[in-house]
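You will see two complexes here that share subunit A, one where it goes with subunit B and one where it goes with subunit C.
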Partner chain A sequence: MKGKQGFVLILLIIIPVFISGCWDSIELNKLSIISGLGWDVDADTGQVTLTFQSIIPSETKGAAGSSGDGGQKRGNPLHTIQLDSSTGSSAYDALNRYSQHSSRRTFYQHTQLYILGRSAAEQGIYPFLDSIARNPINRPNVLMVVSEKKARDILSIQDGMESIQAMGMAAEIKLSAEYSQYPVVTYLEFAQRLLSETTAPLAPMVGIIEQAGPEGVRVKKTRINGTAVFKGDKMIGHLNEEESRGLLWAINKIKKGFVIIPGANLEIVTAKSKIIPELQDEKIKITIAIDEESNLLEYDGHREISSDLLQDLEKGQAREIERQVMAAVEKSQALNADVFGFGDTVHRKYKKEWPVLKARWEDIYPYIEVVVKVKTHVNEIGEINKALMRD
Partner chain B sequence: MAAGQFNSSASLSQNLEENLRVLREALGSSSDVIVRDMKISSDSNVDAAVIYIDGLVDRALLNHDILRPLMFNLQLIKDNLSHNHKSLIDYIKSSVLTVGQITVVQDIDRVIARVLTGHTAILAEGATRALLIDAKGWETRRIEEPKNELSIRGSKESFTETLRTNTALLRRKIRDPRLTFESLQIGEQSKTDVSIAYVKGITPENLIEEINQRLQRIDTDIILDVSYLEQFIEDSPSSLFPTVGSSERPDVVAARILEGRAAILVDGSPMALVVPFLFIEGFQNPDDYYARPFFAALVRWVRLLGYLLSIYLPGIFVSLKTFHPELFPTQLLVSVAAAREGLPLPVVLEALLMLLLFEILREAGLRMPRSLGQAVSIVGALVIGQAAVSAGLVGAPMVIVIATTAIASFLVIPFAEPGALYRFIMTLAGGLLGLFGIVLVSIEMLSHLASLRSLGVAYLSPVTPLNIRGLRDTFIRAPLWAMDSRPASLDSPNTRRQSSGQMPRPPKSSSQQGDTQ
Partner chain C sequence: MSLENGKISSFQLSVLIIGFIFGASVIIAPGQGAGHDAWMAIALGLTEGLLIAWIFTALARHFKGKTLVEINSLVYGKILGNFISVLFIWYLFHLGALVLNNYSRFLELELYPATPKTLTLILIMLVCASSVRRGIEVLARCSLILVTLTILMAIFDTLLVVPHMDLHNLLPILDIPIGKLLWTSHATAIFPFGDAVAFLMVLAFVNKPEKGRSAVFKGVLIAGLVLIGVAVRNAAVLGQMNAIYTYPTYITAQVIDVGDVLTRVEVLVAINLITMGFFKISVAYYGAVLGLAQVFNLRSYRPIILPIGILMVILALTNVSNTAEMFDFANNGYPIYTIPFQIAIPLITLLVAKLRKLPQIGGDQA
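Let's look at the complex of A and B:
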C-alpha cells in the first residue's frame, strides 16, 4: 500500500511539471529582437506610426555558415537590420497591425533607443510614454532621443562601426555624455523629470548631415546636435551645443571633456556643482557653485609657466564655464522651462513656502536671479614647463 | 557443501584416514587440491599428510621449508618422541619447520577454511591437532602508479589487489603501534578478507563499533570489490551523492586515518573505503597539500567553480535561451540568436541530445578496447564538434557550452556521477520551467545535501554546521603549520595534531639576545 501511495505522490509531483511547463517558453529563432523603436505622429490626422528596427541575426557574424557570404551584401551597410513601419490610431493599434504581418514575435527587452520624431514630440508624447510604462517587458533604461526629422529617417541611417544601427547610436550618445557634450537620458530619467512638479524633461536631439563619402557619393550621417527641452510631454525648444554644456555644468553631469579658452585647452579631471537656492523677500536667488579641476593640454602662448599664468588660466576657465552656464540659464528662462530642477531644490529647502511658489512658478522662473560661482584649479601642466619657442 | 556437514565432524579424529576422507569430501575432487601423504619419523612408521591448494602456496617455500624438513629432519627424532603423538605436532612446529606463521588447530572446519585461503595443513596419524602454515604465495600485480588519482609531487604508489600488500603500504606510512587492522571475513562463498584500519586513540571508538556492526550485518555470497561493501554500509543508499569515500592512494588513506577516520580494505580490491566521507573531501586532492597553500587555494576555487559549471551551465543556458533572453547582454544575445537561426530542434532537446552524445562518447571511450580508442576520439570530435554545427543540427554556442561542461565535469571525480545526473535534471528543469525550475532543483539539491550524514557526521560540515576552525581546509588550504588540530566534525578523541606556532621564522640573532640580556 505504501509503495502505491508513494508512486501516486511522485506522479502528482511530476505530471504538473510536464503539463504546465513551457507555457511561456520562446525559441530565439521565433523572436524578432527590436533594437530601436521610432514614434512618429502625423500632424494632420493624428495617426501614429511606429517604426521597428529589428535585428536579423542570420546576417550578423556568428550565424552558422555566415563566414563566406558576407561579401555580396557588404554594399548595403544595413543588411543586419530590418526596418518596418506600421500605422494605426494608437500605439497598440499600430503594434497589432505590425504583428499581423510579422513572422516573429516582437521582443523589446533589448531595445536600445526610443526615437521620437520632432513633430510627434511637439504634439506631446504622453500616449507613447504611457504605453511603454504600462508593459513590464519594456526596460526603463532605454535611451530617449528626439529626431530632428522623422524617427524613421534616423533609424535608417547607418553610421559608425556598429553593425546594428541602434546599438551604434546608443553607444554614440553614451560617449557624448562621457565627454560631457549632451545629456544621456533614459526612459526612467525622462519619466522622473516628468513626474516632478516643475522640472522640464530633456532628451538629446539627433540630426542628419551629409558628408562626402568614398567615390564622390554623398553619405548621410547622424549627429547629436542639441538637447530637446520639454514642458510636460511637449517639446518646446532646444539647447544648442554650448547651452547643453552649460546645462551639464549646472546639474552636476560633467565627467570628462575639455574647456577651451583663448590660447589654451584644458582637460577636466573632476567637476562638481551644487545648486543653492535662497529665498529673500519672496524673491528666489539661485547660486550655482561649480568646483572644477583640470590639466593643461595645450597652450599656444609663449609665457613661461608660472603661478601668474596658472591663475590666468584658472580665471579664463572660470569665465568660460560661467558663460556657458549663463547661456543655458538665459535660454531656459526664455523657454520658461526649468531644465535645471531649480524648483525641486527650492521645494526641498523651503517646504512651507513651496505651495505658494509652485502656483506662481510659471511667473517666477523667467525672473529668477542666477549667480554662478566657479572655482577652478589647474593640476598639471604636462611634460614641459617652458614654451618651446620664445617670442 | 553445506556448513552443517562440517559440524558433524567438528574436531579432528585420531585416525588420519578418517580425517583425510572428511577433508576430501569437503574440498571435493578438484584437481588443484593436493594431498601429499608421506611417512615421517626415523623408522618411517608414522603416516602424515600435507594438504594445500596448488597455485595458492609458494612452491619453493613448501618444498624447502615444509616437505624437506619433514622428510629429512624427522629421521633424527628419537624413539621416545615418536611414540608421543601429542608432542609430535608440537615438535614439528617448534623444531622442524622453518617458516614463520604456524597455528595449531583442532577444528576440521577451520582446516578447510584456511586451506581454501592458501594455508598449508599438516595432519599426522594419531594426532587430534593439525598444523596450519602460512606459506601463501601467488602471482600478484606489482605496486604501480595510481591510475585514477594522479598527483604531481606526491608518492607514485597505489594499492594493489592483495590485502597484505595494502596493509603493509599503510603500515609503512604510519609506524605507530596503535595502527590497528581489525580483520573479518565477509561473503558466504567468497570468504573475502576485510580489514578495518584505524589508529587507536585517534579514530573515535564508536565509529569503529558502528563500522563493525554495519559490516557484520552483511550477508551475501560474494564481495568482489570495496564498492560492494560501500553499497551495503552507506548511510543514504537512495541519495545521488556518495556518503562513503574511496581512494587508491596509500598517502591519502593514511592522512585521512590520522584525521580521525577509519579505512576499510578488501582483499582483491585496489581501493580503500574511507569513512566518514564529507562533501568537501571531493574537492580536496593530495596535490593541494603537496603544493604551497596559495596555489592550492586557487585550485580549490577552480574545482568548486568547475563543478558548479558542470552542473548548471547547460541548464542555465537552456533556460536563458527559452525563457529569459532578456538576461543575455545584447551583443551576446545577437550572437546566440544568430547561431540559433534555422536550427531544427528546440533548445532543450538540442542540449539533451548533446549531453547524451557526450555520455555515449565518454562511455565508449571507457569501454572500448584500447586499440580502437583512437577511432572514438576522431569520430566523436568530428561528429560532435564540426559536423553537427556545419550540418546545421546544433548551434556552435551549444557545442561550446557542452564541451565546457564535459571538461569541467572531470575536475571533481568523486562527484562526477551525481554531477552528470544533476546536469540532466537541471537541463530538463531549465527547459521546462526556466530559471524557476533551476532554483527549485537547486533548493532540492542543497536541502538534500544538508540532510545527508556519513556515519553520523553532517555531510556539509564544516561549512554547515559551521565550524570556523574547520574552514581552514575548505575554500582555502591553510599552511600545514597552521593546521594544528584534527577536524572537529570528525570527533576524534585526540584533536591535537601538532604543536602550534611552527611557522618558519628567521632565528633570533645572538647579538640581539646579548643586548637584551
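Let's look at the complex of A and C:
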C-alpha cells in the first residue's frame, strides 16, 4: 500500500509538468490578427503579392472610446488596421517572407475576406484556393470577393463606420445579399461550384468610387458593383447590377429587396424559385419557375387601388422579374458560363444521358432554351387604400 | 481463476459497441469514396457488417463464456489454437495502433499543431491503460455517459447546420459505378462495423450470454444509423467538397454560424473523437492484453498492460508515415487485410467446431 501511494504521489508531481497547458501560448499583443487577405499576381512575372490587413487590438479599443472626436481621426484613416504586402513566387513563399519581416505572428482565425485582384482572378486562382483549403487554420466560411483593381487598393480604403475595414466590407456584402442585390459567396460555396462539372463559380465584385467628403476633400469608398463570373478558376467576365439580381432570382437567393416597376415600388416578402430541366430529342429546355409575394411600398398613379390595379401591378412585376432573369441568362450564355447550375439540375434529373451531355456542355449551354415563369402576388397595400390625388 | 471477474449487461454491451464503432469514424467519414452516395455505401456496408456480426456472435453462442483464445484452443488444440490466437491478437494490437495513429494525426493537424504526437499518444495511452487495468466493467459503465453525450452533440451539430443544408446535393442517387459503390460499402463493412469482431474477447463477460447477439446487433445498427445520418448531413452541407476534405465532419461543424455568435463549435467534434477513440483503443487494447495473458497462461493480465501499451504507441508512431499513406491503406489495403481476422477466423473456427461436433458450452449458465 505504501508503494502504491508513493507511485501516485510521483505521478501527481510528474503529470502536471507535462500537461499544464499554454506552454506555447502567444499573447494577444504578440499576434497580428489578419482581418482581410488580398491576392494579387503580377501578369508579367507571375509573382504573387499577398496583402495582409491586420487588426491592431489596442487601437480598436481606443477608437471606440474616442468616437466623439471623429474629425481628429479622419486625418489618419488607418488607425486601427495595418496594411502590409509581401511578394514571392507562391502564396506560401509570400507568406513566409511576410512572417520574416513582421514583428508579430500572423493569426488567421478571424479572417473575414479573401480579396482577389482582378488580374490575378483572370489568370487563375487555383494555387490560392489550394493553399487556403490545405491549411487547417483557414475556415470554410470566409467570404470571397473580387476586386475591380488590385486587392491591395481595396484593402487600403477606410470606408464608412467600421474601424476594421475588412469587417465593414464583409458586413456590406452580407447586407447586399440580404437585400438581394449581389450574391454572398463563402469559400466553401466557391469551391463547391468549382468542383461541379459545369457550374461557374461566382464572387461579388468590389470597385472604388470617389465621393465629395467634408471640406471639399475627395473621399474614396468601396462599392459592390457586380458579380464576377469564373470559368474553372479563371474569371471571364462579370454580371452588372440588373443581371446579378436576375441571377439571384433564378438560384433562389432572393430574401428581401424591392421590385421597381413604372409608377410603383414593391417590397419583396417571400420569393421562391425552381429550375426545372426538360430533355426532349437531345434538346434541353429549362424552365425557371419563380413564385413571389410582395407588398406595395409606393404608388404614384392616380387610379384607385382596386384588385384590378393590383393585378396590373402583379403583371408588371412579373414582367420586370422576367426581364432581369433573361438579362442574366443572355449574359451568361454570351460568356458561356453556367452561373445558374443548369448543368447540375440536368445531371440530377437525367443521370443516364448526362455523360454525353457533359462532354458537349460547352456547345450546348449557349443555345439552351430558357423559359421564365413568374407568379407574383401583392399582399398588402399599406395604410391607405385610395389614391391621395383625384384624377 | 478467471482473468476477468467483471460482468457487463447486454445493454452495456450495446452501448460499448456504439462507442467502439464511433471510434475513429466520427472524424474519418466512412464511405467517403462514394461521394454523395456515401449514405448508401454505409447502408450496404451496415448490412454486410451485420452479417460479419452474425458470424462472430454465432461462434460466441456456441462457446458461451469463452473468449476467442479459449475457443481456439478448444477447437484446434493447444498449439495450433494459440498460433491462431496470436494472429488475432496481432490484429487487435494493430487495430489499436491504427486508431491511435488516426487520433494523433487529427489532433496534430486540427488542434495541437505544436504538441509532439508522442505526447498526445502517451497521454491517451495512459488513460486507456488505466481503464484496461480496471477491467471491462468500468469501460462499459463509462461508455453509457460518453456515448450519450456524443450522440447528443451529433444531434446538436446537425440541428445547427440545418440552414446550410442543401438536400439537392444528394442527387442524383447512385451516381457512381456500381463496382465502386460495392467496394466502398465493403470497406465500410470492414471499417467501422466489422472491427466489432474485437468483441469476441468481450462477449464472454456478458451476464446473459444468450442475449449477446441481439446486443451486438442493436449496437451495430444504432451506430450505423447515426453514421448514415451524419453522412447525409455532411453531403448536404459540403456538397462536392465532402469528398475533398480529409475530415468532412469537422469542416461541417466549422460551417455552423448562428447569428455570428454561436460559431467555432467544431471542437465538439474533436471531443467526440477523443472520447469515442478512447473506447475503440481501449477495447482493442483490452482484447490484446487479455488474449496474450490467456495464451501464455498468466495469472493476471495486469503486468503486461504497460509493455503492450508502449509497443502500441511505438507502432502507432511508425506504421504509417503520412496521412496519404493512411488513407491509401484504409481505402485499398485494410478492406482485404482484415478479411482473415474479421471473417475467416470466426467462420472457419465455427465450421471446424461444428464438424468436430464439439458440444455447445455454457448453455445452462445464467
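Quick note on the criterion: the second predicted complex is superposed on the first by the 358 of 391 C-alpha atoms of A that agree within 3 Å, B and C clash if a C-alpha of one lies under 4 Å from a C-alpha of the other, contacts with A are read in each partner's own complex, and residues count from 1 in each chain.
We take it that a contact is a pair of C-beta atoms (placed from the backbone, for glycine too) under 8 Å apart; a residue touches a chain by one contact, two chains touch by 3 or more.
The model shown is predicted, which means the values in this text are computed figures rather than measured ones.
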item	value
First (subunit B), second (subunit C), both or neither touched by A:Val145	neither
If touched residues of subunit A are counted for subunit B and for subunit C, the larger one	B
Which of subunit B and subunit C A:Ser196 touches, first, second, both or neither	second
Partner chain in contact with A:Phe18 - subunit B first, subunit C second, else both or neither	both
First, second, both or neither for A:Ile81, with subunit B first and subunit C second	neither
Partner chain in contact with A:Pro136 - subunit B first, subunit C second, else both or neither	second
First (subunit B), second (subunit C), both or neither touched by A:Phe107	first
First (subunit B), second (subunit C), both or neither touched by A:Leu188	second
Touched partner set for A:Ile26, first subunit B, second subunit C, both or neither	first
Subunit B versus subunit C as contact partner of A:Lys351, first or second or both or neither	second
Residues of subunit A at both interfaces, subunit B in one complex, subunit C in the other	18, 24, 139
Parts of subunit A lying in touch with subunit B, wherever the complex brings them together	17-18, 21-22, 24-29, 31, 33, 35, 55, 57-58, 60-66, 107, 109-110, 112, 137, 139, 164, 167
Contact set on subunit C toward subunit A in their complex	109-110, 113-114, 119, 123, 168, 171-172, 174-175, 238-241, 244-245, 251, 254-255, 257
Touch list for subunit B against partner subunit A, complex	321-323, 325-326, 328, 330-331, 333-343, 346-347, 389-390, 392, 395-396, 431-434, 437
Touch list for subunit A against partner subunit C, complex	18-19, 24, 133, 136, 139-141, 188, 191-192, 195-196, 344, 347-349, 351
